[in-house]
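Structure in structure tokens, see below.
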Amino acid sequence: MDITMIIALATMGGLGFVFAGALAIADKKLRVEENPLIAKVNELLPGANCGGCGNAGCYDFSVKLVEGKAPVNGCPVADPDNVKAIAMLLGMDSEGAVKMIPRILCRGGNSEAAKKLADYYGPLSCSAMAIVSGGSKLCFYGCLGGGDCVTACPFNAMVMNENGIPEVIEPLCTGCGLCVKACPRNIIEMHPEDRNVFVFCKNHDDAKTSKSLCSVSCLGCGACARKSDGGVEMQNFLGVINYDKLDADKIQFEKCTTGAIQKIDVKS
Amino acid sequence: MKKQVSLTKEFVKGIWEINPTFKQLLGFCPTLAVTVSAMNGIAMALATTFVLIFSSLIISLIRKLIPGQVRIATYIVIIATFVTIVDLVMKAKFPELSKSLGPFIPLIVVNCVILGRAEAFASKNNPLRSFLDALGNGLGILLVLTVLGGIREILGSRMIFGAPILPDSFEPWIIMILPAGAFLTLGLLLGFSNTLTERKKRLERESLLNKYRPAKAVTEVKEGGAA
Amino acid sequence: MNLFIIFISAAIVNNFVLAYFLGICPFVGVSNKTSSAVSMGMATTFVMVVTAIVSYLIFAFVLVPFKLEFLQIPSFILVIASLVQFVEMVIKKVSQPLYRALGIFLPLITTNCAILGLALFISMREYNLMESVVFGFGAGVGFTLALTLMAGIREELELADVPKGFQGAPITLIVAGILAMAFMGFAGII
Amino acid sequence: MALEIMPDSENIIIPLSQHIGKQAKPVVKKGDAVKAGSVIAEPEGFVSIPIHSSVSGVVQKLHVEPNTSGFPKESILIKSDGKDESEKYEPLDYKTVTAEEIKERVRIAGLVGQGGAAFPTFIKLTPPEDKKIEYVILNGCECEPYLTRDYRLMLERPVDVVTGLSLIMKAVGVKKGMIGIEDNKPEAIKVLREAAKEFPEITVEALETKYPQGAEKMLIKACIGREVPPGKLPLDVGVIVQNIGTATAIYDAVVKGEPQLYAALTVTGKGITTPKNLFVKIGTSIQDVLDYCGGVKDDAMKVIVGGPMMGVAQFDFAAPVMKATSGIVVLTKDEVNAHPETPCLKCGKCIEACPLQLIPTKLSRYSQLEKYAEAEEFNITTCMECGTCTFTCPANIPLVQWIRLGKQKVNELQREKK
Amino acid sequence: MKTVIQMLVVLTAIGLISGGLLFQISSWADPMIAVNKQKATEEAIYIVQPEGKSYEKVSADGFEGYKVFGGNKDLIGYAFVYEGNGFQGKIRIMIGIQPDLSKISFIEILEQSETPGLGTKVTEEPFKNKFKGLNSKANIGWVKEGASPKDNEIIAITGATISSKAVVAIIDSGLKKLRTLKEGGKL
Amino acid sequence: MPTTTANPAYKLELTSSPHVHSRWSTKQAMWFVVISLIPSLIASVLFYGFYQILIVLTSVAVCVGTEAGVKYIRKREITVKDGSAVITGILLGMVLPPNFSLVFTAIGAVFAIAIGKEIFGGLGYNTFNPALVGRAFLQAAFPVAMTTWTIPAFSDAVSKATPLSSLKFDGIPAAIQPMFFGNIGGSIGETSALAILIGGIFLLVFGIANWRIPLSMIIGILVFGALIWLINPAKYPDPLYHLFSGGFLFGAFFMATDWVTSPLTGKGMWIFGLGISLIVVVIRVFGGLPEGVMYAILLMNAVVPIINRYTKPKVFGETK
């Protein structure tokens, strides 16, 4: 055997040996403990880092999950299979992982809601409009039509329709709830996918006032509440649904003159 | 947990779907440095593919023997070995090419694509799949380097594969064979490829929107005009 | 004077990133915040200086005497990788603030081709020990410079209306292209 | 344009919240007869003040009514009976009155600051124990361009102004009083110096004329050279700033025993037929005031309550004049001079213009892109919304609107953190 | 402990295999690389001394050059490599010259890193041809385009004046060195 | 809530405060810049002939066309009327050598607008001065054409070279006087210092260009130039030569003062101006190229975000 070859072997083998040895020692002495579960959980999360769970990112959330400081269905984006897998990893039950969908509880678009005498000029953003005398519509409870929810949606699951009211593209929606936070008028609410009865209005004005503001507002007449056995309650001129007591069959939708309360067709 | 994909898919995905340069944004250094001509690009891509395939294969074969702590070190040594082989072979057999690719052959070692595939794929999959994955990714690199080298060669020196294709009246854009030209060309290519992807996504969204308008009311609604 | 020229050449005229395309991955990856760019730059500079010394020693005292030049690549990369990892662990143990400022960038540096490129340049250009150190330092400064400039620009671009497809890596490369054009002004200074 | 008293309107709307702090609690009901000066709502909580009826008449109803803030507020509607009967407090002698008496009178008379923010005056007169107050500065710079009511008040009631200031100084226990007046009002400086002869501890300072010289922080800097740090109050540098209107109102409340029934305001702008300075009963609708001034011209484009720089554009003229209303400005297209918005060119004019040395262009862009952490880092909450940046901006970017939104969001986030 | 041993064994083994493999490959490749290098030098020598048929290496004072012989073993000139700084980096030039150093036979640029498309024009025939037969009794020089050169001057390339200048300067200092050696009788 | 008092005689606007605005608008400022460039344009026609107008017009037309095209593709409002593309076009045209190829001019113009400006999002967002990006591109792409100069009309000089290149390559300095009036080789717009000063002062008087930038640049070049000159007056040009030669004045008044790509604060502008001068002197004296104003401005453009960050004004009342 050539002497150079021996040196070559010795060099590389020696380097490998020294390196492995150093690493082994370092691994023993300088190790930072980390629960291996965290990495496994993190892998199951979508990795969108959307912050919908309220944490600084997916990794942060998985740390909290493992520490038991966050609910297993806390991630609004994860697909149900993965939620189940995480729950199994953590030895938990994945109860109530029903998909939530945002519902826009206002129908007062450009053609229904009355305008102010003065037109609003300025940035077309709901929250920016809201601080200038509350935008251009007379109703102080309804949709401003600036599309903040559409901009806020990280999944492009919302669009403004022709009438200036946002719509949700349900297949793209992950239920993260960022649109709810974006709306300065709080007209977007998260509801389980299968709920199908809503009052599409948030106006608390009295019947006369609200009628003058918008043709599709809830006037607070109480027709829907009458035979609902507490399914619908009137609070300050507005129908509020109590989903625990709700029985859709008992509500007389046809009595609502403005169509504020409706039963919608949900996809199962 | 992961669903097993077909072998064909394993191979094809590297070419475009997870193209190392365009989608994984890895291995920019050689991409930019050697693409002054299409030929150089192809040579570099082939060299990289060679290293990629063999290191993937070896790593996949011995993946179960390697302890986690020395994983990266082991991969690097394996990769470095193959790179040296390529380097020596090129110097011996293709001295001209070796001269023009300059110091960039050794730098294949730190091409993140190779380590990336080793870490993300070869260390978790069997040799056959690793081989196909490496081949696919290699072709992806080949595609990008050839296109990039081609564009730069045509505009920068009027030629493609060393043969003039533009008329003499075309004054070559020297900037294209300078570093600045490399950055600009790759930036623009990447931008256009992203724009195409965005466009595709948007179209998909639009069709989704038309298909699934949000839940419609069951009860009839009287549509009123403005108050 | 020679050392000064080596420094200026490595830092500005033949900037590793803008003229040699070395270290593009971290350049694109870690340049979105000025603060992290500066930290990354400092960590890289540190590793570069250390690499310059170590690779010079290996090359001059092991590889050349024993005619083992063909082991250059594996031995350099192995040494760099182990060194970086070791430094990281030491910093982590010694000083937490330093670790938070520099340490977290160290793993990224292992596969930074600028480091290996530096080692190879040193052996190729036959620099002596002092020259190697200055070269390593200069290259580090140049890298930091390019990274910081880019980070500043990208922070501004965060506020700009860049076409969607061009956000991120593409616009970074294009800015790098314009920067490379601007750095051509220094040509011929060495 | 001398100040004249506008006759009572028939329908008066008195909002229950005319000040910063908690809304007052109504103590009258439909059908109750009230006199001018009768308390119709009592304060609820510490930062709150009583509300008085400004006319004699009958309470119509309690209802949510339009408001000059742009947002409807709960209000009491009173129908005037035209008799103009009034209720007063016992007049006090300004020479013998004690500090406690002054503070109590200011509280029950329901005075609010006239500078725009409408902060209850009695609270301002009761600084925390640990703050050492050295100066009371009276703001004789008009808060906004176009407005002249402070100037008129100084010219027409110089003695009341100076006496009012001396009452404030007595209430707070301060030895040094100052009236800062912009040097484009030499008349006012002259008459006030004359009137101040009686009070040796009061000086009148002539200040450079520039907007926003009337802003608290600017005024303090100009008068005594102290800068109020970001997030701090004038109290923190040992100063209390009061408005000319507040001084006269305090004088009225203490010496004459009158609660605040009138707002002194300027009605001006190219869009109004006859500009006037008026004493208007609180609760009078803007429509009535405009009509009294001959109505709005056809080329009017904006009706603003407050000044043109910081006021609120109105869409409903049923909104009433309130305690802190300082003016109604009717602008024409020519005066507004709005160009379409174009992208920011980073010309830096807003930075040069900003009296607080902020970077408005960045703040507004951060706010627009919802980068609130950066906005906070750039001191967005320091902004006082004086509007100089937007006025100067050649690109016509609604900087103040975005910054206001950003401030709101940053404050929300800060509260959440706590 | 088991992992530690595993780590040591694996990495050492990989190192050994790598070292061995590379040694084998390099001992196969090295002679070929040397031949390639040799060939490249040879080619360059015959380019700058087209009539040369054989050569002989000479070295003195750390200077290396080649005596080039013609068909009948007569000395037809020298060839030597000289390097210096160009516009952006090193330029290495093989220079061929008459035995009495009176005239340059030809030159060949071996290495350069000039601006592509501009400075690189110095590697092209039209420029190199300017040196053919250039009087090298005294210093050589250059003039700008438009001026008329003497027999020891060449015309610089427009737009690449610096590179042209650098080439002339390198050759000139190489010639100087050669002259002193010749005068010292060391060649 | 009650109904609005109806009054249909006028239509009111609802906006945020403030409700009044100054007279200046971006558009006006832009057209003022265009006007300020006219003296230099006249000078160039005088010295080099009417063909130069053709170059500038080509450049303007292509710039405007490119901008409109990009905006159209991006489905944005087409904003060519704001004059910014026109300015870029004129500036680009004026930094080219006289009698430059129109095809190259067009290529440079497309590049200036597309890569220099629109890719960053259009007006207001570009990091680099678009005209200089266009010129740097042309310089890198067609170096020979970009360094081919023309002898001016009234000159008896034999050399076509610019004062700086004749100094650098031949060691022959030019006289100051022709440089001042413009009777000497150079780019279309930068030949006459006098014409530049007329336009520049016009800009300063109307407050469109901030005086700090040209002033700091001029002070900078005089100081740095003098320092080098004092080391070896025989070898290096004197500071006035630095000031009047090449594109320095043109750059100082029209390029560096560009709002978008210059710093926001006064302090930042001083740093910016001095930095440009330093780089100019370094490139001219030590570099391989005769002229470096363009590179210096581009480099400092890149530094502007950092300058802005560290010259953030101290907020009112802040103690630190």
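As written, the chains take the letters A, B, C, D, E and F, and residue 1 is the first residue of each chain.
The working rule: a contact is a pair of C-beta atoms (placed from the backbone, for glycine too) under 8 Å apart; a residue touches a chain by one contact, two chains touch by 3 or more.
Just so it is clear, the structure is predicted and the values come from calculations on it, not from any experiment.
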item	value
Where chain A and chain F overlap in contact partners, by chain label	B, C, D, E
Label of the chain whose CA centroid is most distant from the centroid of chain C	D
Pair of chains joined by the greatest number of C-beta pairs in contact	D-F
Centre-of-Cα separation between chain F and chain E, whole angstrom	45
For chain B paired with chain C, centre-to-centre distance based on mean C-alpha positions, whole Å	23
Centroid spacing, where centroids are CA-atom means, of chain D and chain F in whole angstrom	48
Of all residues in chain D, the ones touching two or more other chains	64, 72, 312-316, 338, 343, 398, 401, 404
In chain E, residues with contacts to at least two other chains	3, 7, 10-11, 14-15, 18-19, 22-23, 25-26, 87-88, 115, 117-118, 162
Multi-chain contact residues (two or more partners), chain F	1-2, 4-5, 7, 11-16, 115, 119, 121-122, 124-125, 137, 140, 143, 288
Complex contact set, residues of chain E against chain C	15, 18-19, 22-23, 25-26, 30, 85, 87-89, 115, 162
Complex contact set, residues of chain C against chain F	34, 148-149, 152-153, 155-157, 159-163, 166, 171, 174-175, 177-179, 181-189
For the chain F and chain D complex, residues of the former touching the latter	1-2, 4-5, 7, 9-29, 79, 82, 121-125, 210, 259-266, 312-319
Parts of chain B lying in touch with chain C, wherever the complex brings them together	25-30, 32-33, 72-73, 76-77, 80-81, 83-84, 87-88, 103, 106-107, 109-112, 115, 175, 178-184, 186-188, 190-198
Chain A-facing residues of chain B, complex	1, 69-70, 73, 77, 201, 205, 208-209, 212-219, 221-227
